[in-house]
Amino acid sequence: MAKQISGLFIVAQTPFTDDGALDLDSIDTLCDFYFKHGAAGLTVLGVAGEAAKLSTEESIAVVRRYVAHANGKPVIVGVSNSSVAQLATLTKEVMRVGAFGVMVAPPPGLKTEEDVLSYYAAVFKGIGDVPTVLQDFPFSTGVWMSVPTIARLIDRHPQIQAIKEEDIPSAAKITKLRAVLSRHVPILTGNNGVYLPQELSRGIEGPMAGFSYPEMLSGVHKLYSEGKVQEAHDLFDLYLPLLTYENQSQWGVAVRKEVLKRRGAIQSAAMRAPGPSLTPEDLKDIDLLVQRVEQAIARKEA
Amino acid sequence: MAKQISGLFIVAQTPFTDDGALDLDSIDTLCDFYFKHGAAGLTVLGVAGEAAKLSTEESIAVVRRYVAHANGKPVIVGVSNSSVAQLATLTKEVMRVGAFGVMVAPPPGLKTEEDVLSYYAAVFKGIGDVPTVLQDFPFSTGVWMSVPTIARLIDRHPQIQAIKEEDIPSAAKITKLRAVLSRHVPILTGNNGVYLPQELSRGIEGPMAGFSYPEMLSGVHKLYSEGKVQEAHDLFDLYLPLLTYENQSQWGVAVRKEVLKRRGAIQSAAMRAPGPSLTPEDLKDIDLLVQRVEQAIARKEA
Amino acid sequence: MAKQISGLFIVAQTPFTDDGALDLDSIDTLCDFYFKHGAAGLTVLGVAGEAAKLSTEESIAVVRRYVAHANGKPVIVGVSNSSVAQLATLTKEVMRVGAFGVMVAPPPGLKTEEDVLSYYAAVFKGIGDVPTVLQDFPFSTGVWMSVPTIARLIDRHPQIQAIKEEDIPSAAKITKLRAVLSRHVPILTGNNGVYLPQELSRGIEGPMAGFSYPEMLSGVHKLYSEGKVQEAHDLFDLYLPLLTYENQSQWGVAVRKEVLKRRGAIQSAAMRAPGPSLTPEDLKDIDLLVQRVEQAIARKEA
Amino acid sequence: MAKQISGLFIVAQTPFTDDGALDLDSIDTLCDFYFKHGAAGLTVLGVAGEAAKLSTEESIAVVRRYVAHANGKPVIVGVSNSSVAQLATLTKEVMRVGAFGVMVAPPPGLKTEEDVLSYYAAVFKGIGDVPTVLQDFPFSTGVWMSVPTIARLIDRHPQIQAIKEEDIPSAAKITKLRAVLSRHVPILTGNNGVYLPQELSRGIEGPMAGFSYPEMLSGVHKLYSEGKVQEAHDLFDLYLPLLTYENQSQWGVAVRKEVLKRRGAIQSAAMRAPGPSLTPEDLKDIDLLVQRVEQAIARKEA
């Protein structure tokens, strides 16, 4: 896995119909949309993918559909679970239907470094030789892993083929990790991409984030890789107002789905209950922000 | 359900072999042990039942075995899950194999009363007309439900047929609940039973706790029900030193399993990884406490 | 207080020398800088003001100096403290040296609405008739106050003359608050100002945030008040890349102080220990972002 | 300090009058009561001492009074504070009025080992050469310090002269600490003393807990020190039902103060607001438990 990780691994939404059923057909259109806008791979069943609202059967159905439509492009699957047994079962199933690898964040409730090390020992005993992304997202999990703890995990578990780093400040932590890790591990970053230019300046392999305009995430990565730093910033800044508005936790996912629907990528903007819904005032905010982004794009292309 | 809830609903362990496999045969002997020592019903797949370490298939196998061996006695199943879809799937499965009802605690991460009310609305929409125990255990879930919030849940959801109350101080909260609930809902209590006499004095229906000497829990309930308050305290106090030692979170479950093994109720004391294990020093503590309990029982019976 | 709250109440830094001593002289220059760039008032001793690192005597010295230099402009003082007695003592002292009012967030550890209501009852019993800003910042305090809870506080305590709202999504919560509060209470917003345009669209009185370019915060508020919505967004967007970079918790405060130093507002960028410090790589990020902001300003003014 | 720490360092209450004023006269009677019942020293201004409700001046007044009446016996003072500056100021003041040393727990909000190490570095830079008890109480602070982290603190800071260990399971952690610490550091234990016999079996120097019958805590320590293990357990078990009832967080402090008042140690059982109060039902529970303890004592002495 480690050699193939470069570029945008877009955090993919799970589409539902207005009444909360899985909308598998929209996975096909959304998948097309992501690859058309520069995704190198997909990250499905993450927090923003509403994984916690799916049954096990639904989770497998979603992965199977994404894999079928990805045409060989890599699909990483979030399998984080406080039950190692359930994590191992789901891992086996998603690898069987063609996943490229899995992503595992520590479950809420781990306290000390010793807890973290034992947890991952149990995970890798349970899943065996599956390529894994280690997700470091303390503001969501409540588990803070220090740089030395991550270094120990990397030493012990060759299955860890990439890190998704979303502690804050992310840029500083990336620099520290690069300085101490005993082998090269690709680093992808999240936080909805709001710190992407600085993270790229520290040498990451790409963004692993969701956004209703994936072409910004892939475009900024491409420009930065070509050494066009100012152009990368110019592109990033153009979309930043909408990106900021989407960067509001689970509620931001509702915004993102609304924009994805407007862009024709999915049929319905619905999130499955229990979840947020948008008010008329929220929709007016979105109208304004999308209009301004589209105008800025038009000006730039003119 | 509400009419049938009275007496000890023992929190049942999940037995494993020394190498971590499910030990279904030990469920039979443990089940016999519980009923022989006065249990009115069973509570399986709770936190102390290591539910979070089982795959879905294993969970169903455990419930099926307990139900088969319970001879018609009620089996309540813990199905708490941050995924309402997974909760609903598991509920359907365990009701199909004969569960008496389910128990649902709010998942970590709910913040305000509004969050709690929406969560349970989604749960009952998902599971329908299944008798449910509402578990109030804030020190484990991190979700604090006030008395008015619980009262609202009771008003809205007739499926809630009992409350497991383990906030602290439990006795005071029970008295407040009794004063405001709009219908009579049986209250069972946990916290490993360490506050049982005071909780009984507030009129609860019984304990829903685990202990390696279930005869204490059932006996104290019986004596209290007969108005023999001092005798109830005498019995409780006799076992309290061991009960206190077991009352140490997940580590205390390792102690309990060790004593259950010594008493012949299960084949192995092992907890599944990741979990605590006992040291030689811990075993010496247990030797002493069990010896003292056994001597006290002998003195009392003499 | 309520009638006088409108415009930018800048969250003021506490300046230190490189060796961690209070730098009272820099308060004068910083104060001038804030008012020159459009502040209507000051908010001192907030979280970003490193209040938790000051002794009580230092806190009072800081307030006295800010008040002396503010020339009658209002100075609101953060006095949040888990000790109501210490909160009351500090409130008395800062009102004595000329504060306009105080700001009180609920201390970590409050769980239910009942806890929140009792806490504020004790606060207002302790401080009496002092104009108070109620701060709702759950991601920092860990205390989630629902809209009905805030409405109850507003009903019970006429001393609450304003709300600082920084729950997420802030805009949606502001609309809900406006719909249910029984009297008009000015609402100011924080989160470093990253959602300011949307918050203004919901009718807030102004920002209560910190930023190294306060002229953006005051300017956006002014344009919005004049109905110049697109111009307000234009101004906001110009500064958003740097604002986003500053919006990284306590570490972001180090960035802000660095830029304030470069702009001549304070002598040293040091934060008092224990606190973050900037690396050479971080300084390079700042160089680039500040340069881009300055170029954008120049382009705009050209 | 390290050489003088042995025996019961009772966690002392702060007495208030019924209307919430400090009751300094009751400090004298309570102090006499503690020493008459075997205390070797005092621990004042702990969590159970309602430290968080006192102003700085009150805190100093309480310490001064305790020191004046302790007749040279050691008085350890809790000074934990998220503000290192305030911690240092209070430490200086309490050492000036005769404290034997201070106790410092990590403030809520520290996440990784690196955070903990920086925090204590700042503390010892601020307070200098003052003998200090390191308090490890994660269920109250939310900060989990692993055994290696504590070992590093002991290596770096010779000022740490004792550890108060109240993680769970405490006995197991004590054994691990003894195995790795690079120098002998006395260990005292809390958790209201409910695990005292097992902690003594691991070689601790004594309890640092509060209880309305301090003679139990000192007596159990004495018997254990003399090798009379069974007698120590007998004494402990006699009081355990009341001890358990007191072991209910801040609410348990209300119970303890009620019993201390009944025993003539303080004038009023009041806790300062915001805090719990006892209902008539609670008082009946206490009546019964105290009566049973007194009868058991009488039986034993007969």
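By letter and in written order, the chains are A, B, C and D; residue numbering begins at 1 in each of them.
The rule is simple: contacts are C-beta pairs under 8 Å (C-beta built on N, C-alpha and C of every residue); 3 or more make two chains touch, one makes a residue touch a chain.
If you want to know which protein each chain is, UniProt gives these names: A, B, C, D = Dihydrodipicolinate synthase family protein.
These figures come from a predicted structure and were not determined experimentally.
*Asks:* If you tally the C-beta contacts for A-D and for A-C, which one comes out higher?
*Replies:* By the number of C-beta pairs in contact, the winner is A-C.
*Asks:* At the interface of chain C with chain D, does the proportion of residue numbers present on both copies reach over half, so same, or stay under half, so different?
*Replies:* Both copies, chain C as well as chain D, present the same residues to each other, with over half of the numbers appearing on both sides.
*Asks:* Report the chain whose mean Cα position is at the greatest distance from that of chain C.
*Replies:* Centre of mass proxy via C-alpha means gives B as farthest from chain C.
*Asks:* Distance between chain C and chain D based on Cα centroids, please, to the nearest Å.
*Replies:* 38
*Asks:* How big is the gap, in whole Å, between where the Cα atoms of chain A centre and where those of chain D centre?
*Replies:* The answer is 47 Å.
*Asks:* Could you put a whole-Å number on the gap between the CA centroids of chain A and chain C?
*Replies:* 32
*Asks:* Residues of chain A touching 2+ other chains?
*Replies:* Within chain A, no residue touches at least two other chains.
*Asks:* Please name which positions on chain B make contact with chain A in the complex.
*Replies:* Where chain B meets chain A, its residues are 51-58, 82-86, 88-89, 108-109, 118-119, 121-122, 125, 272-274.
*Asks:* Taking the complex as given, what residues does chain D use to touch chain B?
*Replies:* Those residues of chain D that touch chain B are 168-169, 171-172, 175, 194-195, 197-198, 201-202, 229-230, 233, 236-237, 240-241, 244-245, 248-249, 251-252, 276, 279, 281-282, 284-285, 288, 292.
*Asks:* How about chain A: which of its residues touch chain D in the complex?
*Replies:* Per the stated touch rule, the residues are 111-115, 138, 144-149.
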